[in-house]
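Below: a set of structures, written as structure tokens.
What follows is chain A paired twice: with chain B in the first complex and chain C in the second.
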Partner chain A sequence: MKPKVAFFDFTGCEGCQLDALNLEAEDLIDLLNGIDIVNFREVMTEKADNYDIAFVEGSITTEGEIERVKKIREQAKIVVALGACACIGGINCLKNHVPMEEALRIVYGKDAHYYNTIPARPADAVIKVDYYVRGCPPATSELVKVIKALLLNKKPDIPNYPVCVECKMAGNICVYEKGQTCLGPVIRAGCNAVCINSGRYCWGCRGLVDEPNIESQKDILTKYGLTAEQVIEKFKIYDTCSEVLK
Partner chain B sequence: MNESSVLIIESDPIVRDSLCEWLKSTGFDVTCAESAEGIVKIVEKRDFNIAIMDVRLHGETQLAILREMKAIRPWIKSIIITAYPQEETVLEAKKIGIVDYVVKPIDLDDLQRIIHGTIESIYKDNINAINIESSVESSTEDLIPGIKKSFAISRDNLALMVENLLKETEVVGVKAKQGKYVYDKISGFYELSLDYDVTVSPPTRYLLPERETLLKFRTDNNHRIEPVIKYTPRVIMGVHPYDIKAIELLDEVFMTHNPDPNYIARRENTVIIGVDCLRPSPGSFAPSMGTNWTETGFDLLLTDIGNSYIIKIGTERGAEILAKYAKYRLPTGDEIVRQKKVRGEALSRYKLALDIPRDRIPKILEDSYDEPYWESRSISCLSCGSCVMVCPTCYCFDVRDEIALNLKDGERFRCWDGCMLVDFAKVASGENFRRDKASRFRHRMFRKGKYILERYGKLGCVGCGRCSSACLAGIASPLEAFNSLADNIRLKEAATRVVQPAKQEQDIYIPEMAEILSVRQLTEKEKVFELKLKSGKQLGHYPGQFVSLSIMGVGEAPLSISSSPLRGKNFELAVRSIGDVTSALHALKAGATVGIRGPFGNGFPLKAFEGRDLLLIAGGIGLFPLRSLIQYVTDRRYDYGKVNILYGCRAPAERVFTDELELWKNSKDIDYHETVDRPCEGWTGNVGVITNLIDKVEIDVKKTMVAIVGPPIMYKFVIEKLKKRDVPDAHIYLSLERRMKCGIGKCGHCQINSIYTCQEGPVFSLTQLRSLREAVL
Partner chain C sequence: MTQVNINVHHLTRVEGHGNIVLNVKEGKIEELKWIVTESPRFFEVMMRDRHYEDVNHIASRICGICSISHSTVSLQATEKAFGVKPSEQTILLRKLLFNAELMESHILHVMFLAAPDFSVVGSVFPLINTHKDIVVMSLRLKRLAYNLAEALAGRKTHPLSCIVGGFAKLPQPAELEALRKRLEEAFIDLDAIVDLFKTLKIPDFKRETEYIALKDESEYAFIRGQIASSDTGLTPVENYLKVTNEFCVPQSTAKYTKNARDSYMVGALARFNINHNKLLTRAKAAAADLGLIAPNHNPFMITVAQLVEVIHSVEHSIQIIDRLLDKGLKDEPNTVNPKRGRGISAVEAPRGILFHDYTYGESGILKEANCVIPTNQNHNNIQKDFEALVPLILCQPEDEIRQTLEMLVRAYDPCISCSTHMLRIDFK
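Let's turn to the complex of A and B:
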């Protein structure tokens, strides 16, 4: 019996779902041999409320979304958070730094009173999440890795070490050596240091490792010339700051 | 290829000119002089390979000048020409060290033979010296290798050699990149930076890549498993001596005990062309580690002496390359002097040094195990692994399975792992044997300065300084640690040796297929599997050993063997479902196929147990490995004195092998006692901790040997109790759990201080464990 799989979207750009579809045709066929996709708004009109595995994408930003994600949890045997917004809150959490009324006014202007919103949060702030497919967007290969692990009934090999490990494996010159700063030393690897490989630095989209040494990372950022505010800003983009500020 | 230089000293202009022309026409660089006077000045100014000198009757003046010339440049080979071959003159000349003499009138064939013989002998001296081992030197003076193994090559000819090599093979070399240096494939000599200071990551990645497939498999009924040994023949150009020393350490690790076929294939197809480091990086302390020069480990080694290079042959392969691809010549004495000079200058450029001789590092570490230094220094450690990822001597790895989306085809691969990462020593049950930063930090320094040295005879740090520049927290430098911890006790460093690969019997990573013959449920979470190797061979284990069980696509897990080797060809593995592999194993039924590697480890000391009273103590699933010994002992009951078995469980429902427990209980040959911590309704047996049972046993401390297997917490209390009964440490044996990944003493996960649990363990005497502080009892 193939497991029934559903994809649900909450607040986000839906890029993660799009990326999920970015499989080679051959792999897609193999994937569909292993699972039945029963609910995936972005690609199909059919809908079924009977599923075993639910992928939830996006962060939770309204009361309605809280109810909806709770229902999904009740139905699904396994819930997987898909992408940075669902896993750690992500970019949506930038609004949490201003009062909600202010956020509504900035976005919707004079129509703000039509809408309501709550501070953005990751899926696991509301429900229990079994697995995480991290990243903004997650690498298709990582999604596939997690699906394969679920089918084999084993824990997915998602590293609990920082990006530095994969960055060194890639043979990169450290971002700090170039006089810039980077969140690599505290952010969970698994991305193969893709941003640094392409000449950028780590923004933190995969969230913190289990035991990040935040104090040391702050010291290093300060040593490399950042002010305390800039350090927080650095962690803000994907909301690793809420963990950092704890 | 001959650019050898000759000096002719001949007063007769006809002889002189004809000799000069003839030699020039055969390709020599020739300098002529009329008389012996003034020769000293010429020789002082420039160097020659050969001097041909006319010696007149008696010839005291010429011989004196010959002596003087020899004193300035002792390597110049002299040939004398004489019309008066008087015995004493020739004898005197031979004393000075002439090669030969020619009698006037000169027979050119004769002279040609002598000159060629001389050139050949210079070349032969070089070749013969190739395989002669020389020890690592300690002073600059000794470090300079003699002329015998070295040649000179111009920069243009070196470029030509590289271009020639590029036509036939991949060449990796050091390139400048964003103000740093990196190893990368090159497409031309112009890309090389041979005067670099240090590269960001070491060249060892070409021998031990960050990810490498070991096996390919298909998980259908046939369980096809194939080894994957992939390598690209390549030349690595411009390796510094400290990295060459690091490669020699890897050779020791991967080519001797349990030879690693993947590493060996790659190593044997890698040519190493070294280059002396003349512009050390500010973080390097190679001279303190004895790694700034090397006499071994390279095929060819270059020293940049300005407009040319001294090129030294290290192996026959190196000699072949030089002969085949390059134009080279004998170095002049000037060039040798120049090499000495540039090396001396390089030595003075190092900014960092050990405050103590390096042979004291192990003792310093040993005496510093409990220093607060580890704790205080590692507070800022990010556990980011940067230090180990850029280290040329770090080789620890993880082994994992990756399966295709069809869930059939897959590969088992290894990838870099490091002891500084949080989960490195974590086992499936969640126990982490090196949980805190300080213990990981200390472990790394001990590997660098002590453990690796003790195991392989070579220090685990070559002083390249990469870790300290990669460490953002600024704490990774072994130099800083060793200097901080320095004290006054000396230890002798083991000698170095050239590594030859051990004989490979079979690929150490390929599991043998075994069939599950039966599955029996023991408790809710535990089952026992009866297995048989498909080859029909017996497993050939000893009680207390373990195997690595593979479920292709899921992974490999170490499992202790639960049955006695005396009970037939089949063997049993009792298993708790706790991690990926064990859960997957629990889902399998009789008839299924699994992979087995092993048996691994030492097992219980059967010889030491013979004729003794035995006290066998098991806690919980500690009975799984101990059952193997109990079965063995009951099958050879006459070999032992009194046998006491103690078994403790948390609850009656967790008791395993209940039918056998019943047998032992009713046996007249065995005293069996058991207890549970939390009784259930209907339990009529003992209640309480296992240590209470020890009180029930008579112990003759002289005769009794104890074997204990259980959770770590049980060891602590059982040992306390046994010590109260005066049982000596040497009579107490324990089996330890650690994360055993490769089973062959390489991957590093199961290390307890200096030992590998999968090799020297898992069974240890308490005496042994007392010296292993990480074993925490």
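Let's turn to the complex of A and C:
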């Protein structure tokens, strides 16, 4: 029996799900030989309430979404958080820095009463999550790796070392040397430092490594004449950094 | 049907969440609504107080499909606020990047989201068995678009290298040459898809509406130009609020818009109706082949217009690559001096005209943002199409009515997860 796999979307841009289809034709067909996709609203009409593995994408931002994700947890044997919003709260958490009534008023004005919303949170603030496919968006290769591991009943092998390791291997000049700041020293690798390879810096979308070396991050900031306060705003974006830069 | 009870909760094969409700009692329509239920996302709040370097990074995440459009319009709005003029090379690279996004987004919609309706299947997955060649072709075109975007911006979904004033990293000439070859080969796949579309029966329905798209005298406009309306002519982008006239409705978390009539349409068909004479050779021929003649008032033809635009974007990409290779890619100096002030930009995202309007305070910190998203401009038009279409098909069985209404919404290729952020902001 092929395992039944379902994809569910909560609040987010749905880019993670769409990138899941970014495969070579042969690889997609191979993958579909190994799993039975029973629920994927964005690309299919059929839906089933019977599934083994549930991928949940997006942050939880309404009371209705809390109920929905709890039902998915009851139904699925394995729940995988897909993407930064589901794994760590992600970009939607930026609105949490503004009081909710104010945010509603700013955006909807006098019509604010039409809308309901709660502070954004990751999936594991509401339910138990078994595995995480990190990134904004995750690399399609990592998603496939996780699915393959689950098919083999193995724990997916996700790096627990910082982005700096992969960045060095990619041969990049440290962005601190270019006068920019970067969260690479404390953020979990696995992205092959794609942002730095593309001429940018790490915003922290994959979340912290399990035991981030916060003292070392502070040393780096000191070395380059920066304070935590100076860079904290910059790294609020994925809600990963407040802890590090305290 | 004298009694109809249709309630489509969270329509499938669209991006984001929307419902269709139709209730008919004794042959009379009691309720007929297109309802947007996406959770509000508050992007304008999220971008507020951010440094300009991070604004397009956040804006890109409004939408996973059209992140390049949001990122680029964001950069252009910031550049206008600061008085930064991008170089010719930057503009060419941005146009090429736009073509990559349009190809990917349109192929996804035409072949994976809309096409299953014509075979009366629920998704593309069964088509892998019945129409494997076509599915493989479509995936190949999508991969080409992804790879083109990767060469230019590091990746397609949430692009990286595009920054205020230019590009943080340039593609290698060899990469562009290899992509050019694949773009030439893409015409073979596209010809086959056009042949397939010639055999499909597009529902026959017409409702003339107002069509709005960006217009540029020199080419089929995507990143520059003025707002053009089929009813009211040209309006400078800076005056976009006079065209969009947003309003809130209780049935929707997205705001609605209207200009000269009750509603207007944006997107591929609106662009085609406004800019058809700027299409390149092969695209023009494909339009004629597919029976797409301007002005066209059938919203089901949006899908056909998208296919025509894919062909245009492949031709245009080849032209741009030739020009870039001919001139040689150069690292250009990029100095940005943030200034207080307002900048407004419009681009044509795959689903239609998209506006970002920014006001910056001191030190390059964003103080106010307003984003008007294409899908929100179409919601009202979808509702008006429903009202015109349903009386014509009420004699059909309930299942067929439901399917036709779903097909109509899907034809618009709604990107609802963006749509809720088309929200007016007043920081008082």
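Annotations
Quick note on the criterion: the second predicted complex is superposed on the first by the 229 of 246 C-alpha atoms of A that agree within 3 Å, B and C clash if a C-alpha of one lies under 4 Å from a C-alpha of the other, contacts with A are read in each partner's own complex, and residues count from 1 in each chain.
Following the convention adopted for this analysis, a contact is a pair of C-beta atoms (placed from the backbone, for glycine too) under 8 Å apart; a residue touches a chain by one contact, two chains touch by 3 or more.
Fair warning: this is a prediction, and the values are worked out from it, not measured in the lab.
If you put the two complexes together on chain A, you find that chain B and chain C both fit without a clash. Contacts of A:1 after superposition: neither chain B nor chain C is touched.
For chain A, the partner touching the most residues, choosing from chain B and chain C, is C. Judged by the touch definition given at the top, the superposed model places A:151 against chain B, while chain C stays out of reach. By the touch criterion defined above, A:117 lies against chain C but remains apart from chain B after alignment on the C-alpha atoms of chain A.
Measuring from the middle, so to speak, at the Cα centre of chain A, the directions to chain B and chain C differ by 120 degrees in steps of 10. Applying the stated contact rule after C-alpha superposition, one finds that A:41 touches chain C and leaves chain B untouched. Shortest separation of chain B and chain C in the overlay equals 12 Å (C-alpha atoms, whole Å).
Within the complex, the chain A residues that touch chain B are 27, 30-31, 33-34, 144, 148, 151-155, 157, 160-162, 164-165, 168-174, 176-178, 184-186, 209-213, 215-217, 219-220.
Of all the residues in chain B, the ones that touch chain A in their complex are 177-180, 182-183, 200-201, 205, 210-211, 379-386, 389-390, 400, 403-407, 415-416, 418, 421-423, 437, 469-470, 472-473, 553-555, 579-580, 583-584, 587.
Chain A meets chain C in the complex at residues 9-19, 21-25, 28-29, 32, 37, 40-47, 61-62, 65, 91-92, 94-95, 98, 103-104, 106-109, 111, 114-115, 117, 136-137, 194-195, 197-200, 203, 233-234, 237.
Of all the residues in chain C, the ones that touch chain A in their complex are 10, 12-16, 39-42, 44-46, 48-51, 54, 57-58, 61-65, 67, 108, 112-113, 116, 122-125, 128, 135-136, 139-140, 142-143, 146, 153-158, 160-161, 163, 167-169, 248, 250, 253, 417-418, 423-427.
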